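Some structures to go through are shown next.
Common to both upcoming complexes is subunit A, partnered first by subunit B, then by subunit C.
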Partner chain A sequence: MATTTATVSITSSDLVPGMPVSINASSTLYQTGTTTGLELVEMGRGTLTQASGADALADALGTADTTNWVYICNKSTNVEQYMIIGIHETKIGHLGSEEWLWMPWNMGDSDAEINIEAEASGSIDYEYAIYRSTNTLPAKT
Partner chain B sequence: MATLIPTLTLSSTDATTDLLSFSVTDSLSVTAPHIGLAKASVTTVGANNIIQPATDGQTYYVYVKHTGVDASGSAVSTTLNLELTGDVVFGKLAAGEFAFLPVGGHSLGVQLQASSGTIVAEYAYFTKA
Partner chain C sequence: MATTNATITINSDIMSYSGNVSTTMEMKKFGSTAGIEETTGLQVKKFNDTAAVKIVDNTEGTAGKGSKVYIRNTGSSSTHFFYVALNASAAASDTAQTIGKLYGGDWMLIPWIATAATTHDIHVAPSTTSTMTLEYMVFQE
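Coming up: the complex of A and B.
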């Protein structure tokens, strides 16, 4: 079964004099409670505008309380611009210019969409990837 | 002020017919306060496991890893909740998993909560300059 590995490295040579920071971690992306790899992947790039308000990057179209992962990167090089990241009504944080995040998204219930919003003025390019345990296809209309 | 360099790599040799080899890095300006890397034995009461203080609008870069063991060192498979203070769950980590994300723009901190028993978590946070 196919697997994907996520690795993070966090370093600093000047945060504490004489004590460089070097944090490293690696994990294989598995489906909920299994050793079967996550194989449903959505990757893309988009543009947000402040005028559009909050947009849903992804709806919780899957089984609640499952293992899913989200990567988002704010591609703007303007330090005045940031993205507000949230899940439904919960605001998590601000993703500044050229910053990225890697976080679990467990779809606690059907109202657990990932929200992204551009601040301040203008438009922000972003890229993202979502790894899902399950996905429910939209109903035929 | 100091510089923090986080790098994320996603790789797979068999997820698709095309090899996945993706890497993104950044250079973050950070300042005090910060916790370089710490461990906590997390219980089932999130309010007792606050790892990052209330933000007051400030942004913190937060790293959390589920080490896969409990307070006695035994392996555990229970999940570790990532929560904003006030018991607002925004993610769950299984054994061995980690997260790195910015938290802030509001007045809440970050707390951890074990779904049962205890879970040893590694964590760090850095304040955006």
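Coming up: the complex of A and C.
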């Protein structure tokens, strides 16, 4: 059984005056509702262009309403370049330059794809990793 | 200007070669090198009902900017979880606004667009009437 852990550390000495922020958390990634580790992963790096509009980083291929995890990092160092992250028609947020996200993705239905879009100009390099409970390969054409 | 850093580390042996991730970001304002300067502080809430509950109102961030949201299920259950969604549909598994599920120990850190509408309130829905606890913090712009 594979073991995957995700750890976060959030620190700030001056966000809250007189009260340093220090959050540390770690989780082990399990298959849906079990203590069996996730065993499917897709990792990669790509380039988005503003002109291409929104693209699906990952389709919801697999069993709906399961445990899956998404990591995305905007590798641009230009603060004017950001990524719009969404699930299908729902925009979640703006991922600024050199920022990352970590979120669960339950693939609620077959339309619940992860969308990414580059703004405001030029091209943006990004990295991603998707850890899944299930995955169905696209049908042969 | 405040400085808030967040580091994610993902260690995994799913693949036979290294697929580990370690990245640090500074939480910046949208399109700026300036750090985020406002926060709700870390909040802790207990739940013992399966009804969806709003934990973050859209007005707690400025629409279209660079807010971030950290959420963690502080429990240890591998069978009980919270749905997290961008509106009151959190109780359902298959709506477009549902992001995913947080089992015991799971955490997430996402950008949040804070669109000025109830569609971008953040809701959670426990899967059980047994007591579960969530901690969450909004890094606001």
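Brief remarks follow.
In this text, the second predicted complex is superposed on the first by the 141 of 141 C-alpha atoms of A that agree within 3 Å, B and C clash if a C-alpha of one lies under 4 Å from a C-alpha of the other, contacts with A are read in each partner's own complex, and residues count from 1 in each chain.
Here is the rule we use: contacts are C-beta pairs under 8 Å (C-beta built on N, C-alpha and C of every residue); 3 or more make two chains touch, one makes a residue touch a chain.
On a predicted model such as this, the values are computed, not experimentally measured, just so you know.
In the three-chain model built by superposing on subunit A, subunit B clashes with subunit C. Using the contact criterion defined above for the overlaid structures, shared-chain residue A:V16 touches subunit B and also reaches subunit C.
Once the two complexes are laid over each other on the shared chain, residue contacts for A:K91 go to subunit B and to subunit C alike. Of the two partner chains placed by superposition, subunit B and subunit C are both touched by A:G33. In the overlay built on the shared chain, the residue A:R45 is in contact with neither subunit B nor subunit C. Judged by the number of subunit A residues each one touches, C leads among subunit B and subunit C.
Applying the stated contact rule after C-alpha superposition, one finds that A:T4 touches each of subunit B and subunit C. By the touch criterion defined above, A:D111 reaches subunit C but does not reach subunit B. Of the two partner chains placed by superposition, subunit B and subunit C are both touched by A:W102.
The residues of subunit A shared by its contacts with subunit B and with subunit C are 2-16, 21, 23, 25, 27-28, 30, 33, 37, 39, 41, 65, 67, 71, 73, 85, 87, 90-96, 98-106, 108, 129.
Against subunit A, the residues of subunit B that register as touching in their complex are 2-12, 14-16, 20, 22, 24, 26, 28, 30, 34, 36-37, 59-60, 63, 65, 77, 82, 84, 88-94, 96-106, 122, 124, 126, 128. By the touch criterion given at the top, residues 2-16, 21, 23, 25-30, 33-35, 37-41, 43, 64-65, 67-69, 71, 73, 79-80, 82, 85, 87-106, 108-109, 111-112, 129, 131 of subunit A touch subunit C in their complex.
Residues of subunit A touching subunit B in their complex: 2-16, 19, 21, 23, 25, 27-28, 30, 33, 37, 39, 41, 65, 67, 71, 73, 84-85, 87, 90-96, 98-106, 108, 129. Residues of subunit C touching subunit A in their complex: 2-15, 19, 21, 23, 25-28, 30-33, 35-37, 39, 41-42, 64-68, 70, 72, 78-79, 81, 83-84, 86, 92-103, 105-113, 115, 119, 137, 139.
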